[in-house]
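Two complexes, one shared chain (subunit A), two partners (subunit B, subunit C).
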Partner chain A sequence: MINIFRIVYILMPLTVVMAFLWAPGAEILGDTSRIIYFHVPAAWASVLSFFVAGSASIGYLFDEKNKRARLADVSHNSCVIGMVLIVLATVTGSIWAKMSWGSFWNWDPRETSIIFLLLVYSAYFSLRSALGRKERGSRISSAYLVLAMVTVPFFVFMVPRIYPSLHPAPLINPEKKLFLEDKMRITLAFSLASFTLLYFYILVLMNRISAIEARMVNKRNEK
Partner chain B sequence: MKNRLTGLVFASLLLMNWVPSAYLFGKAPAAVESKKTGNSEAKDAENSEGVLWIVMIVVLIIWAGLAGLLVRIDMKTRKIEKRLDGR
Partner chain C sequence: MAGEIYRNLLKDFRVELRSRFAVNLSLSFAGTMTVTIGLVTSGVTLSPQITSLLLWMIFFFSAMNGLSHIFVREVDQGTFMFMNSKIGTDAVFLSKLIYNSVFFAIIQVIITPVFVFFLQVEVKCAAVFVATVFTGGLAISATSTFLAAMVSRAGGRGSLFTIMSFPLLVPVLWSAISGTIGSFEVRADCGWGNPFFLLAFSGMIAAISFLLFRHVWIEE
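Let's look at the complex of A and B:
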């Protein structure tokens, strides 16, 4: 399974070359618009990782013990990656906001909702470290992750469309269309694919390491 | 190993995203200036492909480091898995 994700080794450099050399700069923003190929995919991959974490948590809550430990690890690892990616999206977005709107932070609906998401998922890490990894703690953490997942579509997809946003119409608009030049659109698609593959690749690696740790603990307990 | 993976991979990822952002951020004043004055030379300087190439190469170098790290961890993990399986 992991072999598929190794495509990222080729796809990511290709994306970087396309982002800097092949795709044109946007009409008004010029070269600064190239940040879109790092900001949007990071945000997308973070949303994906939170969905994976939530889905694994649902699996954990309904599974009959045999895969539980594995699912708890999957949801936690996915959350860790999601957290890093959402920080990345916030940082790159903030830099882009300074260039486009003159200030690092404008309390735009999307900026506000990302802060809420950061808080929601930071709380998960506090909860998990407070409750531990035993049965009860893992069950409460998983239930929390399911609840957190429910908030993601609201904060990411609904809030910016309900309230007027500073974010550009090419990506967020009532027509639900992507108003980008063909070359920009293709590069963005490559970038989204690269970040998605990278996320899955790191997740699979982290899960394998978690499985090794669990096996080592079991062996030690057997002795 | 997991903590090392998390730390190093994420640091590289942050760097990989931060470099183009910081570079583009540095370019912002020139863009604003050229818009204000309509100075085509400033616009030309802004769009100089040379700098774009340098930034691209820096990002590619960071990616190469990250990819190398991932391959190394992948191989190490496989080695431990094999040892645990008794193969």
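Let's look at the complex of A and C:
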């Protein structure tokens, strides 16, 4: 299965080439708008990874026969990747804000939402380190991830629509239209696919490492 | 189950009345904060935004001081094993949720008039104000109860409770502050959207917490 994800070795460089050389700059923003091809996919992949983490946690918690113990590792690994991606989305968004609005941070509803998502998932790592990696620790931190997943739609979808925002809405807006030229739209779709594949590829790799670690611990305990 | 909830609630109130630790802590904190803010801002007219922000900051930190106590006490005193053998997990959660909601409502009933009095707040929409305060309190209690159970299992670290609660309570504080601002301002219509949102949020969090509680509380 991991071979499928290796397409990412072709897709990611292609995305970079398309973002910088093929797609045109936006009308008013010019070349600065090219950051959209990294900012939006990073934000999307981070939300996806938190959703996967929450779903894996549900699977782990409601597994009565305890056959899916590895799901705890899946949810943790997904959370780790999600954190990296959300930091990336925050940094790229901040750079874009500086170019468009004149300052790196404006407490715009979307900026505020993303920083609170960061806090929600940072708290998960604090909890996990306080509990340790034993079974009880995994169960409690998984329960927290489920609760955290419930708040994600509030931060990602509700807040930016309730409060007035300077943030452009090229993807999800009341008119349900994409305000992008065809080449830009294709590049963005390509980038979204690349980031999604990259996320799954890294997740599969991290899950393999976790499985090897677990096997090593078991062997050590057997001795 | 109703009998188990009632017995556990009665026990919790008795223990609290005997020590009065959590109620004293929360009330002292909220009272000190309210008087200090009133003293510092005396003679200055604060905007509805600042006033409602201060009110909810006081509520939030009072909750952080008092609401984790209900589970931490059981673990610290080693009574949770006995409680688990006598009372079902669902009853434990529901009784603790009811206890925390009542406990926090009492804190709010005492602190809100004191805050309004000392900061000379003019409430334009009293019904919305009262509804926002109580539904906000309910949402804080619902979220904090489940998190308190987690923290008690992690060794009852106080700072961890605040770190975990704050981001999850942001939607609550956001809506509660917005609703309180609305009740302080002159408007043609008293907006009921925020109290309804807070009520819905409380219900949703309480339902999810109820489903997940046994995974956090039961020793396997």
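To be clear about the criterion, the second predicted complex is superposed on the first by the 216 of 223 C-alpha atoms of A that agree within 3 Å, B and C clash if a C-alpha of one lies under 4 Å from a C-alpha of the other, contacts with A are read in each partner's own complex, and residues count from 1 in each chain.
As a convention for this text, contacts are C-beta pairs under 8 Å (C-beta built on N, C-alpha and C of every residue); 3 or more make two chains touch, one makes a residue touch a chain.
None of the values given here were measured: they were computed from a predicted structure.
Residue contacts after overlaying the shared chain place A:Phe190 against neither subunit B nor subunit C. Of the two partner chains placed around the shared chain by superposition, subunit B is the only one that A:Val91 touches, whereas subunit C remains out of contact.
When both complexes are overlaid on chain A, the residue A:Phe200 reaches neither subunit B nor subunit C. The partner that reaches more residues of subunit A, of the two candidates subunit B and subunit C, is B. When the shared chain is aligned, no partner comes close enough to touch A:Trp44: not subunit B, not subunit C.
With both structures placed on the common chain, the touch criterion links A:Ala123 to subunit C but leaves subunit B unconnected.
Applying the stated contact rule after C-alpha superposition, one finds that A:Ser142 touches subunit C and leaves subunit B untouched.
The contact surfaces that subunit B and subunit C form on subunit A in the two complexes do not overlap at any residue.
Residue ranges of subunit A in contact with subunit C, taken from their complex: 61, 116-117, 119-120, 122-123, 126-127, 130-131, 135-136, 139-140, 142-144, 146-148, 150-151, 154-155, 159.
If you check the complex, the residues on subunit B that touch subunit A are 1-2, 5-6, 9-10, 13-14, 16-18, 20-22, 24-25, 27-28, 31, 46-47, 49, 52-53, 55-56, 59-60, 63, 67, 70-71, 73-74, 77, 80-81, 84.
For subunit A in complex with subunit B, the touching residues are 2, 9, 12-13, 16-17, 19-21, 25, 29-32, 34-35, 38-39, 42, 80, 84, 87-88, 91-92, 95-96, 98-99, 198, 201-202, 205-206, 208-210, 212-213, 215-216, 219.
Of all residues in subunit C, those touching subunit A in their complex are 146-147, 150, 153-155, 157, 160, 163-164, 166-168, 170-171, 174, 204-205, 208-209, 212, 215-216, 219-220.
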